[in-house]
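Here come two complexes built around chain A, the first alongside chain B, the second alongside chain C.
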Partner chain A sequence: MEQARKKVAFPRYAEYNCGLRYLMEKGLDVQCILPPKLTKRTMELGAQNSPDFVCTPFKTLLGNQIEALEAGADTLVMTYGLCKLGYFGELEKRILRDMGYQFDFVDLSDYNTGKKKDMLRALRAINPKVKPARFFLALAEAVRMTEYVDEITGDYYRNRAFVRDKKAYDGIYRHFLTAMYAAESRHDIEEGYHKAKLELAGAPMDRPENPLRVGIVGEFYTAMDEFSNLEVEKKLTDLGVEVHRWMTVTNRMLRYPGDNNLQVQIKDYVSYSMGCNTTANSWAALDYVKRGFDGVIHIKSANCTPETDAMTVLNNISSDSQVPFLYLTFDVQTSDVGLQTRLEAFYDMLAMRKKVLR
Partner chain B sequence: MKQVSTTASRLPLIGIPRGMPYHRFGDLWKAFFKALDIQYVESEPTTLRTLEEGTAVALDETCLAMKLYLGHVMNLAGKCEFILVPGIKSFGRNREYCPHFEGLYDLVRNSCRDSRQKLITYQVDEPNGMSEADAFLELGKALGFGGREVKKAYQTAKREEQQRWQKRVLLENAKVRESGLKVFLAGHSYVLEDPYVGKPIRNFLEANGVTVLSGPVTDREQAMKNSGVLSPGCKWEINRELLGNLALKKKNIDGLILISTFPCGSDSMVNELLTRQIDSMPVLNLVLDSQSGMAGIETRLESFVDIIRFKRGLM
Partner chain C sequence: MEKAFLGIDIGSISTKGVILDENNGILASEYIWTEGDPIQAVKKLLGLLEAGFDKSRYTIVGTGTTGSARKLIGTMVGATVVKNEITAHAVGTTTFYPDVRTILEIGGQDSKIILVENGVANDYAMNTLCAAGTGAFLSSQAKRLGIEVEEIGDYALSAKHPVSIAARCTVFAESDLVHKIQTGHAKEDIIAGVCNAVVANYLNNVGKGKRIASPVVFQGGVSKNKGVVAAFEKALHCPVTVDANGHLMGAIGVAILARGSKERREFDFSVENTDFHVRDASCGRCSNNCEIICVYRGDELIDSWGNRCERGSIRTKA
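Right, the complex of A and B next:
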């Protein structure tokens, strides 16, 4: 009898789990357990079992991993990163084991030496019979899917404020995501993307000549995950704002020009690579300012160390350029009334400014 | 790095802020400047005023240690030509430093912009080909010295630093053999050795008849080798040294006090793991913020000392 396939789960990460699912099922030949969408319960589970003043994404991811285990996963995969993220895996493993769960844990930070050999070891840890050729083919397709998700999401939030029928427009976006989560081949990915691209472009719109434009920068998790940031982008578009977000996986990982290349463009503020996303965010904020955006919103989670560093730089960019910056810090609260008030006030201020300046 | 312009006859006065990297690299800097005959001035020891001055320019969400560091920088501003603000990224895989250490130069540059104080720096990033020796070479060249001269000064300084360190480690390790109650203080050196933040805690414990083992004072190489006992995947060098030192001395101590400053990123996670790993002794987790009174902390320390006394059967 054929050995049962592993049930692998990766915690929810904005809308990128469709690419990860594709990679695991097509490239690694394991069954991917998609953890449930983030909810209030996820946050409560995570916060209960996490250390006190660790950053919020740790709590969110831990809560989601608990839910993944409840959903039947037997192997958890955790990534690594430049900040605390590099240590998430080890602590999560320990906490989950202390809670009594039994599972295999693949912590990619154990393999982050940058050598090909170690990359293969990581793949074999997930599936010992992995075929590298097949994996890299699936990887290329998953990367393509990720780029499509970022592109369509970007289009969606740029124009959502001005479409006549918001409900139908939301529907196009949701359908696109469903198609990506269900994609079984390169053909499905391309078809889903082209269909959504055409439909989004074809939606009837009343675009004012000079709408308010806001750029979003911020932390690699909270700025992208709509549950964690309480749908900031959607709320802004509801107010009638054209929303741009530089911080995406495509921009930060797949097409990142490197700290050194960005640094020369922000040398008035930053002389050396500041680590994590600080250079990238400072560059993106200055870029929005130079391109004449009306405001910039910086999003981070509570206790994120690198982003507090970025805020130091952003403060100066804002005061030199006289462009208003709004700093939003998200913790485990799930009530969005306070956020709504702040966004409305920010919007009113930008709108008044724009009238006066014009 | 830009060449620092100095008049040929006179060397600039360098300011050394006594915060964050000072407690780890300060001896090296001072020896280096001495070897090159450069005058330096240190900031005044930390007081409440340091904290207030730092808080005024720092971002309100940043950690206590960073606020103190900025306070030290402000203390020196205007009193010297350059302030030495290094950037320490990494000495290799899993030998990294926290983002504040990485971006220190630009953080100071942006936070203290209004003071118009000039800064001087060296940047260590070994995985990207910038070792400490190379970084010091650039620093020396920027100050107008020749390559050979700087290399020699760095070697002399490094030797001197290591000798001083070995002496300290020897004294520290002798404490393990003392017979009384022994408590291991786990915290960053810039917290434990700061006269405003960590020293009072240490003094209080010693006044209560407890031998205090300082976590950061250890044979670093040996500690790094042993850090995997408690946490195999830890990526921060300072935390790994603490973990390794603790693993080596675990059997000889009566209690463990974790001291961190709010909201320290690495400590928030490593200390959680430690409290889960260590079950053989009482653990006290102290998180310090910018409060100015000691009474609350003293009560907690007192009851902790009572607990370990009770466990040893001394009560």
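Right, the complex of A and C next:
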């Protein structure tokens, strides 16, 4: 008798779950359970069952894994990272088991050796009958999809401030994401991308000659996930800012030039690597400053150690260049009144400076 | 008729209002406690302002609101400008002190620092998670010591040997303070210690990593406390200016912003006698359960906010 397909879930991570879903279903031949979007409930579930002083993404991820299990997942996959993230999987597994859930847990940090043999072992842990050729084909397509998601998201936030019909513009972006989440083939991915690219470019826009430009840097999860950062990017575009964010999966994982290559470009500020994304973020912040951005916003979650280290470097870049930096820390709170106050004040400050400096 | 501009700053603890003429002259000003009810406080404030203001000579053509209840009160009074308190303070202060470099501000629940260069703000910080070193801390400690908040300054200045009090956190500061009381230190020495702790906390948290350059202007409710001013001067090694209207600077700033804005709408004092109330609704269309704030004038819904997506938007009857 043939065994039923596994129901595999990976917690929500910005808008990257479409690529992960594609990879799981097309490459690993398992059923992907897409956990619900992050909401206050996710946060409450996560915070209730997490250690108090763990970094905030842990709570969000754990809450979303609980929601995935509720939705019927029988296998959870967790990634590894260069910081405490490496221990997330083990801790999550224990907490969820203690809560009484039964599931298989594939912690990719168990296989994190960089060897091909171990990569195959990880894949076999998800599906013992995996066909490597098929997997790598799907991987290439999922990577393509991820690059498209980052490209379209970048376009969207760069121009959203200036379009005449924001509602229609938001709709284009939403439809694009829906198409990616529903894609069944290379053709679907390409079609969804080209349609969105054309529609975004064709939206009527009143772009001022010299708009305020703000660059966003920060922690790998919170800076990219709009629920976790209370829609910072959208709020900025509502104020009329052209928003750029270098930190994406495409830039950090797929096309990353390597710490050493970035290190030489920031050697005036950093003499050795501080690990995780600090080199990348310091480089990105300096790059924004050199390209004449009006301000930089640094985003991190509470208790994030690597990004706390990066702040000292950013402080020096800010005081040398006289470009204002705003530091935002996000925790489990979901009220955005304080954030709105800070963003408005930052915007006013940049706008007044621009008037005087010109 | 001459033009006048109204600025209202509704903070967590106090509500401030000013009416400015076209040359930044103050026609009327008031400072009252919010007492947990911003709508009532503003009604009372408007009553007081109206009484002290020559309505036959001036008309108010622009209204600005700032402070943590700016949006609610802005809807209520029909404001032409709704601005955050950081911008309002920066604008107000740089208008009266064009060469200011550092603005220190300590209010009831929050504190901020604004660094100014060439007359424009170029950096700011605001306290995030902690209320240590704000007016609320000072007034609760004054109550514990059995004195009025207004008397703190005089007590602090008469101290000969200020005690040292842990400044990192209100909880520790408070237990440290209780300990010092119980070991029999003089009241004025303890109060001076509290003032020093407020300053140390401010400089270690909000002012961390900021280059504080002179001239320094200090404002917000706590700037009326001479003990804290003295502690700042000692810690910063430079004179600290406190404007006589420093506690009104947010309201003044937003009145100036209302004057600078193109929008004009005549202000009507009759809102004093109109019923406004707020209801909290839970959206319930998804598990995020956005809290939606609905503002009513009488029985009529005039505005709502708080929803994160279209599904939660409540349409007002046009």
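Quick note on the criterion: the second predicted complex is superposed on the first by the 357 of 358 C-alpha atoms of A that agree within 3 Å, B and C clash if a C-alpha of one lies under 4 Å from a C-alpha of the other, contacts with A are read in each partner's own complex, and residues count from 1 in each chain.
The rule we apply is simple: a residue touches a chain if its C-beta (ideal position, glycine included) is under 8 Å from a C-beta of that chain, and two chains touch if they have at least 3 such contacts.
All values reported here derive from a predicted model rather than from experimental measurement.
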item: When chain B and chain C are modelled together on chain A, clash or fit; value: fit
item: Dominant contact partner of chain A by residue count, chain C or chain B; value: B
item: Partner chain(s) touched by A:353 [first = chain B, second = chain C, both, neither]; value: second
item: Touched partner set for A:329, first chain B, second chain C, both or neither; value: both
item: Which of chain B and chain C A:287 touches, first, second, both or neither; value: neither
item: Touching partner for A:341 - first (chain B), second (chain C), both, neither; value: second
item: Partner chain(s) touched by A:315 [first = chain B, second = chain C, both, neither]; value: both
item: Chain B versus chain C as contact partner of A:225, first or second or both or neither; value: neither
item: Angular separation of chain B and chain C about chain A, which is computed from CA centres of the superposed model and rounded to the nearest 10 °; value: 80
item: First, second, both or neither for A:84, with chain B first and chain C second; value: first
item: First, second, both or neither for A:36, with chain B first and chain C second; value: second
item: Partner chain in contact with A:303 - chain B first, chain C second, else both or neither; value: first
item: Lowest inter-chain C-alpha distance for chain C and chain B in the superposed arrangement, angstrom; value: 7
item: Chain A positions touched by chain B in one structure and by chain C in the second; value: 315, 329
item: Residues on chain B engaged by chain A in the complex (per definition of touch); value: 59, 61-63, 87, 89, 93, 96, 98-100, 102-103, 105-107, 109-111, 113, 121, 123, 125, 231-236, 262-263, 265-266, 268-273, 276-277, 287
item: Interface residues, chain C side, partner chain A - complex; value: 68, 83-87, 90, 117-124, 126, 128-129, 209, 211, 286-289, 308
item: In the complex with chain C, residue positions of chain A that touch it; value: 36-37, 39-42, 231, 315, 318-319, 322, 324-325, 329, 331, 337-338, 340-342, 344-346, 348-349, 352-353, 355-356
item: Interface residues, chain A side, partner chain B - complex; value: 50-55, 58, 83-84, 86-91, 94-95, 98, 107, 109-110, 112-113, 269-276, 278, 303, 305-306, 308-309, 311-313, 315-316, 329
